[in-house]
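One chain, chain A, appears in both complexes that follow, with chain B as partner in the first and chain C in the second.
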Partner chain A sequence: MQANRHRLRLSNLPNSIFVFLFVFALASFGVPKFFSPGNLSTLLLQASILMILSTGMALVLMSGGIDLSMGGNLSMCGVVIALCLRDGMHVLWAIGAGVLCGALFGLLNGIFVSKMKVPAFIATFGSMGIAQSFANTLSEKRTIHWEAGPQNRLLNFLGGDVLRIEFGNQASMVLSVSFLVLLTVCVLICVIFLFKKTVLGAYIYAIGENEETARLCGIDTTKWKIFVYMLSGALASVAALLVLIRTNSMQPTSGDGLEFQAVVAAVLGGNSLKGGRGNLYGALFGALTLYVVRSSLTLAGIDTSVTMIVIGAVLVVGMILNELAVRHEKNLRLRTGRG
Partner chain B sequence: MEDAARSLLEFRHISKSFPGVKALEDVSIDLRAGEVHAIVGENGAGKSTLMKILSGAYQADEGQLMLEGTPVQKNNPKMSEQLGIAMIYQELNVTSELSVANNVFLGHEPQRGIFINKKEMERRTAELLDSIGVNVPPYTLMKNLSIAQQQMIEIAKALSKNAKIIVFDEPTSSLTETEVKELFRIISDLKKKNVGMFYISHRLDEIFEIGDRVTIMRDGKKISTSLIADITMEKIVEGIAGRRIENIYPRTPCAKGDVFFEIKNLSGDRFEDVSLNVRSGEIVGIAGLVGSGRSEVVKAAFGVDPCRSGEVFVKGEKAPGNNPQKLSRMGIAFLPEDRKREGLALALSIRENSVISALRRLNPLGVVRRRQEHVTVRKYVQDLEISTPTIEKLTKFLSGGTQQKVVIAKWLITQAHTFIFDEPTRGIDIGSKSSIYGLMDELVAQGAAIIMISSELPEVLGMSDRVYVMAQGRIAGELDRKDATQQSVIQLAFSQKGE
Partner chain C sequence: MKRFLKIVTDFSPLLILVGIFAFFAAVNASYGNDYLTMSNISVIVNQSCFLTIIGIGQALVILTGGINLSIGSVMAFTTVMWGRMLMNTPGHVHYAIPMLLVIATGMVIGLVNGVLITKLKMPPFIATFAVMYACRGMAWVALGKKVIYNLSPAFRYWGTGIIANVNGFMFTVPMVVVLVLLVVTGFMLKRTSLGRKIYFTGSNPVAAKFSGIPTDRILILVYVLSTGLAAFGGLLYGARLNSFEPGMATKAHFEAITVALIGGIAMSGGFGNIWGVLCGAVIVSAIYNGMNTLSVASELQTLVMGALIILTVAFNQFLVTKNMALRNELDESKARTKISNP
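Moving on to the complex of A and B:
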């Protein structure tokens, strides 16, 4: 038995890996120019933002809640950082202000949900509007630019490449991995580490599956739920930082609809809206899958308005597959179990 | 009481009221170290309320809880845990996505700084599991364990908190025979370790097997506490019901009529070539071991599960496969084993549950006529003697027996003529049991037909006119009431294929 413990078994991998590989292979063979260094570089950078968001979303979903305010929160945090930069503040202070802003907003969500017992869907739906309005008001609905200076040199550095390999002369033949991707990887490793190595993961599963049980086990469920929302708020602000560096400016509408994409990615990754199941890797692969679909649609010259149809379809099909997997598992257990 | 010094825990004159009900009235019980103290009573007798006071989920209105001679002030779940009181509930409290070790130490993980000390946690889990003789690797995910194993893990969890008192609430209701043996072995081990245990169960024979003392409760009051050695099964039953139960299986012979329901050569995933029938005015029992395919046959016949081949006839008319809606419209009622999940909408009231399948018939215009519903439901509530202050009471607050009656009412209102009961009295206390049997007897007397699947042999023998015995997915034999005895049924149930 001991030997079996860490053995990698195909059936133990999250289903989302297979979905991702399948979609990726399909796109590579089916869509010309998809499998080019340049496109893959862009894809990775774009997906990074969603990967961060969907990780936060997965945490909340596993605990039995949902955080619809992530998109709005992203816009708000981005605007806060951008305004700080415009006023000539040092970049570290600006980032600190943004992350603090995101975490505080998450704290509010957490208090609404776990202390005031407002259903998560409603509470975060409401705060989504609030955050979005803050973003609009603070920015006066204009894109915010700032002057480059010594105090924000870090931004240029982060916007640069950590790795650059030229396969040819054209832009599409250049593989470039941005520092942002590295940053994303670091953040994700931190979150996964926190999830696996501290009590956080166990408590999130326990709370998501049955909050009463968790409470009877002596877990302070209120505190932990608040913490989960804070974490998702903080992750939204990190995503905001990425958006801001990538575009070198900040639009107050950057976060529009991202919360839905995060839900789609998390659900594609096997996270249930009912809580208590799912995993973080799933959410990451869900996000990657989503961007592979988007990227190939764009490359194939399909209109952006159609993209949402496809993404919607991907979500529904993903849900159906998930349901089938759960049913299959249940059947297996019925057969091997008693009765 | 003479050796109160030795008692681990004492309830002293505990009373507790809820709006409108006196749940506990002046109850005094003590628990000694190293004993199994069984508590029996009908659902609603106050057993659970008493245990909830112990766990700190409720506060007593009056009276005192004494732990090793010192009074316990203002109890709450966290505190009772620290005092060494652990509960093992009927519905398991497990987190299925986590490992065994994680479940055992959930809420009090060994930590190194902010990190879980996983090695330490798994080592200690292995030790605990070893001490109760359970052979499960600590890193296994909970969802991959059987229910019995999950229960053992719950016990390990209690031990990990150094519990001195463990409460078992219906621990065996979902275990198989061998698993129960295993549980009992662990309980005797715990006795030797001087753990005091409360044991709540409806299965009285178990109490004689492992109990040291038994307390009988009825209507929130303690009736008696006595040594198991000094009491008989009859005495306990009498105490629980508050009256003598002369004959729990009331069967009045009645005339058999036409065949109402017939299964011909039905084959499916886990059963082969099953044929059986039931007539008007007849109760047909299906006996057999768990896993012999009893429920599967009936589920397939009712169209809930798929079948490979075979036919089903209702009053001579061929019924379509895979269409439970059609069958219920043809007058077949299926009362599943799991009432809470499959038979009732727990969040709805008695009235809503009763009419839910007959809304079309009661309200032909498509507009709900509340008054008409009330009249109909009240009639059945009266006929079935459903004890409730109002028909608007939510079904989740009813006892198991009463819930079963509501399910029966639901089907009566749809004017069903054939009733298929799957384990009709599982988890129902003995008083309600006999009233369910009475109801079944009345149904057939009025010309209905009943198929009853049951694991309780006395019930099958007591109620059935005919018994089909299944073994390994086939009908091993058909016995008439006069030929059906414990022995003949068991012999058939254990018979091998082709014998």
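Moving on to the complex of A and C:
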């Protein structure tokens, strides 16, 4: 019985953790410069943007939808924040405007999907075009810079390091954890808290599993679906803030294609596209796995086109592992049910 | 009245098409441009040919309740792989050989898609996404940062040839090809048992499986056809542009989905008419053409296109739901009359 419970707990872990650990170990042993403090801290910083996006995507996927407008939304919110900063607005107002913009755009998505009954795929695909167009028009297709001043001192602070340990003289031997990573962790904890400790999580699962049943059980599906899209929009704007601080400027195209990476990360983490199944931790490790693959291949000096093939293969293998894990769990449940 | 309404909603893509043409004709007329000339319409229809081909491929897959994201990358990879044989070099092989090779390669990739989806139980979105990534990567590996250009004229005839000129309306070779494809696909879907099986698999896969339809085989076949059509579409695309390159058609899968959905194919599968795809393609190219004649900035074009996609699909969804309800009512009343006077 004890052994059984232990095995059950192991299979309850999102199996993207195992994929992640496997890929990580492979990269650490196979690529010489990969396992260095400098590289790992860069990796974490790079992955944190995708981690936020894939969390939002996982929420939407679990509710049975998909949000392809996240990338466009990221560009649009980033441009809005950057324009506010350029005009000398206080940084808190700028961030507030960006997040509001993202949430409102999510609201628009939610209305398309739940009120107008457009399939989520096509509704958010259409709004991706709208958001990209806004980003390009507002920024006039140029990178936006702003002057450093007392009102945006917070940005420099956020861009700085919270922890810095030097193992050696070279840059690759410095382990530095940026405030951005801390910010990411805070945001993720908030989302996970919202998901686990409020009705949101249960409602999302219910809506994703069977929307009609959820409605008949008294869940206001329209309202909650709109809320989920708003949440994913707001998360996209937080990711935009990260991009903006990291590059210290904002390009109107910086979000292009990120939505697909977020889908891949979420699905690698065991989120089903049919909804009603999945978890948020899985999405996080999916995002980390993608970045470990990319970083290690780049360090090994492999061409980006080969990297694309490898990522496709990783996706297939990860999905097969997910399927095996689900089957294993089902067998286990049947066996314990009988015993 | 109900019967009339049903017929109207049957032609929902056609209604949208007329609306779009009327809108752009009116706006263009107010700017002093001629939009509804014979030559412009033939340009629009000619541009829509390529969209129709990949749209048919996508529509077949959407009818079974799936999705094919690998279309654009397959177009790039297959044509880049065999494209060198189509170049205008002295003593080149007959152009039919590389064309067949391209389509065969596309079908093999489609087989991979189908096997990943049916045998490994991957969701179509993810399986075709992985194939899309891999194919795009392979296309870059195969050709690097080069471009295949200067294709043989005999091959280019397939993409640019003009058959007849009626009052400025050019009948081109792609139009004929698309017409043949539509007739064949329409016949397959409406008149053969295979078509019925495709519709049935899409509307309820479990019921289809339990009534003895080999759903796995049907799905694999559909993905093979769809990806093969994508490769063929890539050939025509390249023939028109006179070049093949690894970065071509990066948004083709989205265009194909747009075309199929505007054409009235339901995203949930099992509902739709293949001729709607033609309407969808003409609608999309009419919109692009109209915006270009008005010289709308490219970033605003994405805005208009995005908004139009959402609105048309919402409108279509409304009409299709209405159509399904009307059809059910009509069937019911027909059954009732049959019972009352046998």
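Definition applied: the second predicted complex is superposed on the first by the 318 of 339 C-alpha atoms of A that agree within 3 Å, B and C clash if a C-alpha of one lies under 4 Å from a C-alpha of the other, contacts with A are read in each partner's own complex, and residues count from 1 in each chain.
The criterion applied here is as follows: contacts are C-beta pairs under 8 Å (C-beta built on N, C-alpha and C of every residue); 3 or more make two chains touch, one makes a residue touch a chain.
For clarity, every value in this text was computed on a predicted model and none was experimentally measured.
Student: Between chain B and chain C, whom does A:133 touch in the aligned arrangement: first, second, both, or neither?
Tutor: second
Student: Which holds for A:141: it touches chain B only (first), chain C only (second), both, or neither?
Tutor: second
Student: Just chain B (first), just chain C (second), both, or neither: which does A:213 touch?
Tutor: Touch status of A:213: first partner only.
Student: Looking at chain A, which partner touches more of its residues: chain C or chain B?
Tutor: Between chain B and chain C, the winner on chain A residue contacts is C.
Student: Which partner does A:276 contact after superposing on A: first (chain B), second (chain C), both, neither?
Tutor: first
Student: Scan A:307 for contacts with chain B and chain C and give back first, second, both or neither.
Tutor: Second partner only, chain C.
Student: When the two structures are overlaid on chain A, which partner does A:199 contact: first (chain B), second (chain C), both, or neither?
Tutor: The answer is first: A:199 touches chain B but not chain C.
Student: Going by the contact rule set out at the top, does A:123 touch chain B (first), chain C (second), both, or neither?
Tutor: second
Student: Enumerate the residues of chain A that count as touching chain B in its complex and touching chain C in the other.
Tutor: none
Student: Going by the contact rule at the top, pick out the chain A residues touching chain C in the complex.
Tutor: 112, 116-119, 121-123, 125-130, 132-134, 136-137, 141, 260, 263-264, 267, 272-274, 303-313, 315-316, 319-320, 323
Student: For chain B, which residues count as touching chain A in their complex?
Tutor: Residue list for chain B touching chain A: 55, 77-78, 81, 87, 93-98, 102, 106-109, 111, 114-116, 118, 137, 139, 146-147, 176, 290-291, 295.
Student: For chain C, which residues are in contact with chain A within the complex?
Tutor: 67, 116, 120-123, 125-127, 129-134, 136-141, 246, 254, 257-258, 261, 267-268, 297, 299-303, 305-310, 313-314, 317-318
Student: Enumerate the contact residues on chain A facing chain B in the complex.
Tutor: 1-2, 5, 197-199, 202-203, 205-206, 209-210, 212-219, 276-277, 337-339
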